[in-house]
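After the structure tokens below, expect a handful of questions from me.
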Amino acid sequence: MNVLEQQLLLGLFIGGLYGLAAAGLSLVFGVMKVLDVAHGELIMLGGYMTVFVVAFVGLDPFVALLLVIPLSLLLGVALYWGLFSFVVRADEETRVKNSLLIGFGLALALHALAVQLWTADERSIVTPYAGAVITVGELSIPLVRLASLAVAFALIGGLHLLLARWRWGKAIRATAEDWQAALLTGIDVRRAYLLAFAIGTGLAGAAGTLVTVGYSVSPSIGLEWTLKALIVVVLAGLGSMIGTFVGGLLLGVAEAASAATFGGPYREVVGLVIFVVVLVVRPRGLFGR
Amino acid sequence: MLEIRDLQAAYGDIRVLDGVTLTVGPGEIVALLGPNGAGKSTLLNSIAGLLRPRAGAVSFEGEDLGRLHAHRIVDRGVALVPEGRRLFGGMTVAENLELGAFASRARATKAAGLERVFALFPDLRERRRQLVRALSGGQQQMVAVGRALMTNPKLLMLDEPSLGIAPRLVRAIMDALAEINRGGVAVFLVEQNVQAALGLAHRAYVLESGRIALQGPAAELLRDPHVRRAYLGPLAVRE
Amino acid sequence: MNGLSGRRERWWATAILLALGLLALLPLAAPRDDVLNFVFLILLSITMAQSWNIVAGYAGQVNLGHAAFFGLGALVARILWIGGTPIALAMVAGAATATAFALLIGAAAFRLRGAYFAIGTLALGEILRTTVNNVLPEISTLPARTIAGYRLTQRYYLALALAALSVLAVAALAGSRLGLGMRAIREDEEAAEATGVDALKLKLTALALSTGLAGLAGGLFAFYHISYYPSHPFGPHWTFDALLMTFIGGVGTLPGPVLGAVLYVVLKEYVALRWVDFHLLIFGALFIAIVLLLPGGLVQAAERVRRLAGR
């Protein structure tokens, strides 16, 4: 019995990372109508940034976030200027399709680049407190993962406030709802796109840090994380970052429950099946509100 | 103030505007009439910068608008209330209005602008915390006009503000436009409700098949047999 | 996606088939295993790219789960073949399974439009891969007796035949009313339906044809490799490779996937000698450039050059 509870708890922890990964994707898709399937690769890059910041600057990985997030934001700006600013000129349907293809090419290139630079090996970060565990009743809670969940939640909360309160946050939401109307109120929509993409990449970078601390990073983790993020976005819909985060937690728990029921190897299948079913049942509305 | 010369616009291969020339002077209310598909919305969208014209010139206070992005045009003092209102439905009335003051020329006058909107549409003051989605069509139209007004425009353009609104509220909107105009804002109005539009406007143009077919003082057009037959219907002719 | 005129398509079909005919002489001229293996890889890639081109290039449905059908063909053909069924029959059974599965899921999957179809099929492919990996985690190796009788030229000729078949299929499709209807769907599905095109039926036809060829290619893979993990042919890279080749060569054209496949395999083999996976960096970048700047791929570039030169 407590084995199951322990598994569900671990599912909750990884679910927090799914939520964080999905938030960035959701923001970019919701605002720009751009489906960036290289999102998982951006998470992967965030992971490697963390590995190097920890190794060469000697920071604690959680403190390293203070460097990784700004670096990822800059990467997002560069990617927007270099690639996605060309995509957003097209009409909406072409935009989604082209962005998918471009994201796909980017994913391949980033993956290959990572293999060149850092080899295909898995890496992780070992902190001095890696083995620390808090025991509550019969549950043992790994400190690192608890901290990761807290950081993920804090980031989502911060994002929520940013979108609700900040002048440009409101502009981003307005652009997501109706970009032409946003133009008519004097919002520089391209700037809103740039900000959304940069923030989305920043969130991916942060997710990369947490993934690397709690689990591990290798050049090939991208596709898996893109899929997880897509599943959560489909489940949670667009519009609410808190809702997306909750969707991530649910996916994590659902995976853990199915792993406990059908056996570990089926952990991945459950989310994918839910995804396909939701897609087919709500082919148009799923990304709506 | 607004000068349009020989404007041509097209969607793909389909030519919509075929050389339109018109002007709106400071303090004027000008109506643009015409049947569906004549290109009225296209004209407004071209002025607002949502659509790039094929040829011709749009200038505002002597400045060429053709090279400016839509958000810059708003900053020059040209606002558009688009067809179907196009509000941010998931946001509150207050947020919608605030976003109207996004451009730099409007930011300084935000507080005063908000008071002006609430004075014009007292309903909105009580409902400012409500989501726009939950409002009636007429109230939404008020928000749309209010949002455009928040940009502190010198020229306010409206695309079919009476569409899908209860008659009582059409009157309220038209009264509000007259009030706004008395405050020194020029108004350029596209309207299906010809009676209401000509009752409000000083001058009017009739756009047919992408060209200006007729123009003149509003009172004169109201008496014009062609206008009466085509736009006011048999009822009005008998009147 | 710029198509070619009917005459250009026929010219290309003839040229490609002639080239494939010449390749039939290769085992006689240069009976070296490394050469044959290299050309085999090109031929398999042509079949995969061309099969993907049918559903994505002609019918406009970006199927990111193509590997699932390659994998199903390989899975069924391998089991039957090792069980004693003649390889030709085993391959046909594999292809039939792939097509049957495609038709089964197609009606549901085609409710999705554009990018949603793409990510839906991507997830579907991953479901199959994970499941096969769970059910059959053991490596599949040919029995010693079969290995003893292994002849590369057999595989080579089979690959040649499949590549020719895929080119013929696309050539026939490109010139037919069926192909015209598919292209109409690609350009504007609603408009196509308004003119009386049964979009779902045509999309299912394209998918059946595409997955049938992919299933045959999977059978060839099963026939060719001595040992591999059963989940390997389900791997997403089979889809991604086909997509890259097709786009770089020219999606929705007959010669595009062939040119793309040749270029891709040549560069991959050449670069792999020095840098692992480096070809993906080059092709990833090239692919992005083509999507942004040259949606018709190399074929379109060649056509432009030809038109300029002709002037």
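Chains here go by letter, A, B and C, matching the order in which they are written, and residues are numbered from 1 within each.
Methods note: a contact is a pair of C-beta atoms (placed from the backbone, for glycine too) under 8 Å apart; a residue touches a chain by one contact, two chains touch by 3 or more.
Note that the coordinates shown come from a computational prediction; the quantities given were computed from them, not determined experimentally.
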| item | value |
| --- | --- |
| Chain contact graph, described as a line, ring, star, complete graph or other shape | line |
| Most central chain, judged by mean C-alpha position against the global CA mean | A |
| Between subunit A and subunit B, centroid-to-centroid distance (C-alpha), Å | 42 |
| Gap in Å, rounded to a whole number, between the CA centres of subunit C and subunit A | 32 |
| Centre distance in Å when subunit B and subunit C are each reduced to the mean of their C-alpha atoms | 54 |
| Subunit C, residues touching no fewer than two other chains | none |
| In the complex with subunit A, residue positions of subunit B that touch it | 48-50, 69-71, 74-75, 79-80, 82, 86-91, 95, 98-100, 102-103, 106, 147-148, 150-151 |
| Complex contact set, residues of subunit C against subunit A | 62, 108-109, 111-116, 118-120, 122-124, 126-127, 130-131, 133-134, 236, 240, 243-244, 247, 275-281, 283-285, 287-288, 291-292 |
| Interfacial residue positions of subunit A with respect to subunit B in the complex | 167, 170-171, 173-174, 177-178, 180-189, 239, 289 |
| Contact footprint of subunit C on subunit A as seen in their complex | 35, 37, 83, 86-87, 93, 96-102, 104-113, 115-116, 120, 223, 227, 230-231, 265-266, 268-269, 272-273, 275-276, 279-280, 283-284, 286 |
